[in-house]
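Next come two complexes built around chain A: one with chain B, the other with chain C.
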Partner chain A sequence: MSLLEVGNLNVQFHKDGKKIRAVKDLSFHVGEGEIVGVIGESGCGKSTAMRALMGLLGKEADASCGRFCFLGEEGTFSPNKVQKKMAMIFQDPFSYLNPTVKIGKQIEQAVRIHSGGNKKERKQRVCDLLEMAGIRMPKQRMSQYPHELSGGMRQRVVTAIALACNPKLIIADEPTTALDVIVQGQMILLLKRIAKETKAAVLLVSHDFGVIASMCERVYVMKEGTFIEQGTAEEIFYAPQKTYTKDLLKNARRTRIKADATETEEVLLKLSNVTKLYSNRFTQGKAAQKEGVQNISFAIREGETFGLIGESGCGKSTLAEIVTGQKRPDAGEMYYRSFRTDLLKKSARKKYLEKIQMVFQDTCESLNPKMTAGKALMEALRADKRQILTAEERKERAVQILKDVGLTEEDMWKYPKEFSGGQRQRVCIARALIRNPELLVCDEAVSALDVSIQTQILRLLKEIQRRTRIACLFISHDLEVVGKISQNVGVMYLGSLVECGNTQEICTDPWHPYTKQLLECKPDPDPKKARRKKYAPLRERQEKPNKGCPYLGQCGYRMECCEKAAPPRYQFGSRKVACFLYSKEHRKGNTDMPMTSQI
Partner chain B sequence: MAVYTMKRITVGMISLFVLVTVTFFLTRMMPGSPFEDGNVSASVTEAMEEEYGLRDSPVKQYRTYMTNLLKGRLGVSYKQQGVTVESIIGNAAPVTASLGAAAVITAAVAGTGLGVWRAVSKKKTVRILLSGGTLLGAGIPNFVAALLLLLVFGVTLKWFPVTGLFTPAHYVLPVLSLSFYPTAVVAEMIYNTFAEEMKKEYVVLARAKGMGFWQIAVFHVLKNAWIPVLNYLGPLSAFLLTGSFAVESIFNIPGLGREFVSSVMNRDYTLIMGLTIFMGSVVIGVNLFTDLLCAWLDPRVRNSYLEKRWGD
Partner chain C sequence: MKKKKNPCLLYGAALLLLWIAAALLVPELSPYTYTGINADIRNQGSSCLHLFGTDKFGRDIFVRVWYAARISLLVGVTGAGINAAFGLLYGSISGYVGGKADFLLMRIADILASIPSLLYVILITLVMGAGVESIIAGICVAGWVDMARIVRGEIIREKGKAYIRAAQMEGIRPLRILFVHLLPNVAGPILVNLTFLVPQAVFTEAFLSFLGVGIAPPSASLGVLIQEAKSQIQLYPYQMLYPMCILCLLILALRLFGRGLENVYGEKTER
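== the complex of A and B ==
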């Protein structure tokens, strides 16, 4: 028997007198206790459809439904009234929690509405819910504010709120998208466990084939407001019918964009033992904990792409700020070609800073909404003091560079909001390139884009690199993306570079335990493999230990010496690893043989 | 938090000291003498000045004044013979404070109500009327409002008494005219922040929890919408608690504002100094209080204070 049956769901938005059909004739069903996936790219109407089901649409939307049957009751569809026994887990756990209300209170409100009870009973229920959502020490957590928790913890709080109504159906709308890979793995595990324990059905909405593959039994593929394909997970993943699904799958699987070997080129940027530390803001009372980056060393050659990966808060962006000269390192040396740059005064730094340009993650925020694309480009040229161009020349250059990044001359006079996300990122890249930089720093430049657009942008970057021999520091939390584009890669964990070397080697044969965990946590877009996958157990993010290895708290290979001091970097050929497993004393077997992975 | 508060108090003390010093020398630079009067001869004035120590060099006078101040003495009024500055402030301050507090509360309550009403009302006429009303309220200076109220409700309709401050009924007109402008500003701010906060995603989550509209509005949204208002109410209360000369004059209320203006007219040096110190302390105190209140309401602000403590 079906838990939920929906026939011909339509949603329209009224905007400036026009009608926009966001969801068109959607029909589907969810069985009891079933996990059903809905996959589609951003803007295809997934979230709108789910909100319509849940009864969370705003006033400006207009929804109708041919058939709606939930829990065996016919015709209870109401776009503006919240369904009981249905709960929703949202994407971004930060903006969905009220920043000024303690989390215990926020959960308690849901408990009060759905089960009532006196103060003590409610509190007990909140504790139970938090425990069910995988939060340890719920009593202490209850009196904390959302900003005091990590992303994964916040998502668990949102999950606990969803569980408060004893739902029969949980709609999970991109529940793992805003999370780091390792936390994402834990979240998948948690959702699976909850589905099993509460016997609730789950409707999982995601753009990530890996996540869908590791959880769902049946899958719907959505495009422009309708389901274009449906079937069991095996059918969709192994024998897709529609070209759209095939394309999506192809982009999701690793397609390596060919990288050129650049071993002989001159070193462009070199960092050695660069350190920059900040005081941690949430540790009043305790000994002043520091965060930032510590002892970072790597080099980027001309025409090379160096990938930098790590979870959020590991210091990637701090490093980008140091490289681009916005921040001065506390210690260590930084060389640009053969000049030492970390000691330069601000005015002297400018000269080399012009050679480094940046592309940011958020395309909306990094372009001035009141400036057309052409204006933004020409402004960058006008700032160039060395070569003064006439207005005509500036315009010519701007048009040329727009064409280089795959846009047209007409796009010169468009405002940022008239572009799509991918096009906007192209404008950002054009703006960075127009000054002929030698190094491009891309800080999560493709993280906010859909997979197919991501591939396009990566191809574009590669193409530009082939043409101009520009070097690129590519920062991302996504190993997949970095693996596609970079020749060399550095893996960061809590401010330290734990492993560094050739991308291909690291991706196929990780040496550091953290790199291994990162690689393992990425869910494969392959249901059979993904379901078998064992994720690391639910573990709360630990504070950085004051001494010893930064990865100490999470490591399965910890030894006595790991607690005493941070491991130095051991170098084997082009690969550097910061782990005691690779020290002389701990090496297994014959010490004359070349070093192999110890894990 | 305690360290932050201490730091703020220290900074407040220093600014108070600077304020006292600057005011002291400014008063001495004013032309004329406190004892100049058409009816007395120059020699009498000189004798009076001698007695009050005004013939000494300003620096010496300043030293004497500061010594007395540190002992907690504000001195004797030059004009109202034999009356201490403390007693003048002691008489006038409660009058102004009660008026100001009533006006602040009126502005906060009425402003919030009107703002929320405007934000949630489905009737277009109500929204237009309220937005026009706030515009008008923000545009009328308080002395004009006071005169209008006086004319309509005091003189023509005779609903409320017009002078003095003896019964609760006496409060109605001055409080209304004082709170006219702040009410409009608060209403406008609440309207904007409320509408903005209502669009935030935590409201969607609250709806998904099954909370009703007013539950969400009161519990979740108003708390967040109030934070910017609080930042405005701080300086406003300081302004109102230290008196409004125009309104106090129109309704003939013996408050601080009136005392202040007459002290300047009379060149009553000690009274000017006393009132400056008093008002300065009130302004600094109220601003500190609202900042702390903000920190209490918003944990993020609390953290930013703690961050400041670590420097960098």
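== the complex of A and C ==
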């Protein structure tokens, strides 16, 4: 029997006298206790449709529904009234919790509305809910504020609030998108468990095929406001009918973007034991708990793409700032073509660092909203002291570079808000390239983009590399993306580089326990594999240990020596690993044999 | 895009223009002058010859009110202009440079702003003598601090964004980043604040003149007129009523205009 049946759901927005149809004739059903996935790229109307179902649409939206049947009752559909027995988990746990109210109180509010009871009963219920959402020691957690919790914990609190109304249907709108890979895996487990325990149906909305594959029984594929394809997970993933679905799937699977071996032996940038630590309000005075990066060493050769992977907050962006000269390392050495740059004065350092340009993550913020694309490009040229160009020459160069990144001459006079996210990122790349840099630093450059646009941008970067032999430091939290584009890769954990080496080798045969966990946590866009996948057990984010290996708290291979000191880097050929598993003592004599993975 | 109706801006601008036109034209076109004393027609009520009546020296109040309006406007616009320009420069430098310089600059501003502006005006009037210049100087000593704080806040909010970091990495000079890249993006709130600075300055001037530390007679501002009428308020209340109405009208017009601008800016930022 169906829990929810929806027929011909339409949503229109009125803007400036124009009607925009965001959702067109959507019909679907959700069975009891079923996990149904909705997949589509951003802007296709997924969230709008879900908000319409929940009754969360604003006044400017105009929604109608041909048939709306929830809990077996033929109900009347109203887009402005919140449905009972239906709950929603939102994407961004950082903005959906009130930062000034303790989490226990926030959950209690939801409990009071839905089940009432006296203070004691409510408190007990909050405890139960938190426990159900996978939070240990709920009594202590209740008196904490949202900022004291990590992203994954916050998303669990949001889940607990959603569960307060005993929902029959949970709508999860991109519940894992804002989270790190490992936490994402834990969230998938949690949602699965909740669906099983509470017998609630889950309507999971995501753009990530991996997440959908590991959870859903049935899948709807959405494009431009309508479902273009539907079926069981197996049908959609193994035998998609529509070309759109096929393309999406192809982009989601790891397809290495072919790279010509253009790298030479000449080292362009070399970091050796670079350290930069910050102390924040909470860690002031405690030297060991400072955030930042520690003892980072790697080298980028000409024409090479070096990938850098790590969770959010592991110091990737700090490293990007050091490389681009915005920050000065506390210790260690940085060489640019054998010039030592970290000791130079700011003005002298600039001269070398002009050859390094950067592409940022947030496409909205990285372009000046009051400047047209052309103006932004010409500004970049104008500041170039090596070559003085006339206004006419600058314009020519700007048009040329726009064409190089796949835009047209008309785009010169468009403002950033007139571009789509992918186009904006192209403009950003053009702006970085117009100064003829030798090294391009891409800080999460494709993370905010849809999978298909991601692939386009990655192709563009590769194409540019083939033409100009530019080196690239590609920073991302997404192993998939880094695997597609880079030749060498470094894995970071809490400010340390734990493993470093050839991308293919690391992706297929990880040596460091953290790398292994990262690889395992990435949900596969393949339902059979993804469902079998075991995710790391629920663990709370650990503070960085005072001494010893940074990965100590999470590691399944911890030994006595790990607690005493941080492991040094062990080098085997081109591969470097910072783990005691690869120490001489651990190898016990047979040092002649080539080293293999110890895990 | 269809332009939305913005009554605040429309009526504010119309009222303001009308008011400015009157202030500029009335003293020029009228047969009377603001200093012309006529003992025969003292303290007369409104008539066809003297629209607002005459004061205790037989001067035409209509001309005097609009002449005073001119001075009030001059003080208001100049004062606000100087405040805005200095505040903009001070705030943007403080916000953009940041760190210790920012701390030092803002503390200096705090100290300046902590002393009541009345003291500055009295001091300056003592040294420079009463007049338009000393009033403007008095208004400007600490009047820019609010503007500087707003500009600083806006700049700090905006400079953390990636496009400014990109501009810095391109090697664009700091001053150019400040004026070409940053200021256009923070112009909205600053512009709105500017329209609120003008009525503030006008009102301060009127207040100071009313207290007797402003413009010296026979020259007059709206505050002076109100103060002169105070002694006769029981007998001839209209002598105070007219300048007060004109002052209210100006402040209303400027506020409406500012509010209208705020609406326009608010729409623009909504994407």
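Details
The rule we apply is simple: the second predicted complex is superposed on the first by the 584 of 599 C-alpha atoms of A that agree within 3 Å, B and C clash if a C-alpha of one lies under 4 Å from a C-alpha of the other, contacts with A are read in each partner's own complex, and residues count from 1 in each chain.
We take it that contacts are C-beta pairs under 8 Å (C-beta built on N, C-alpha and C of every residue); 3 or more make two chains touch, one makes a residue touch a chain.
Here the structure is a predicted model, which is why all the values come from computation and not from measurement.
By the touch criterion defined above, A:145 reaches chain B but does not reach chain C. Of the two partner chains placed by the overlay, neither chain B nor chain C lies in contact with A:323. Applying the stated contact rule after C-alpha superposition, one finds that A:165 touches chain B and leaves chain C untouched. In the superposition on chain A, contact of A:380 is made with chain C only, not with chain B.
Looking at the shared chain after the overlay, A:497 reaches neither chain B nor chain C. Once the two complexes are overlaid on the shared chain, A:103 sits clear of chain B and of chain C alike.
Within the superposed three-chain model, A:449 lies out of touch with both chain B and chain C [touch as defined at top]. Listing the residues of chain C that touch chain A in their complex gives 1-2, 161-163, 165-173, 176, 180-181, 184-185, 271. By the touch criterion given at the top, residues 51, 54, 56, 82, 84, 87-88, 90, 92, 95-101, 109-110, 113-114, 145, 147-148, 158, 161-162, 164-165, 278-279, 281-282, 284, 288 of chain A touch chain B in their complex. On the chain B side of its complex with chain A, the touching residues are 200-202, 204-211, 215, 219-220, 223-224, 227, 297-300, 303, 306-307, 309-312.
Against chain C, in their complex, chain A makes its touches with residues 16-17, 324-326, 350, 353-354, 356-358, 360-362, 365-371, 376, 379-380, 382-385, 417, 428, 431-432, 435.
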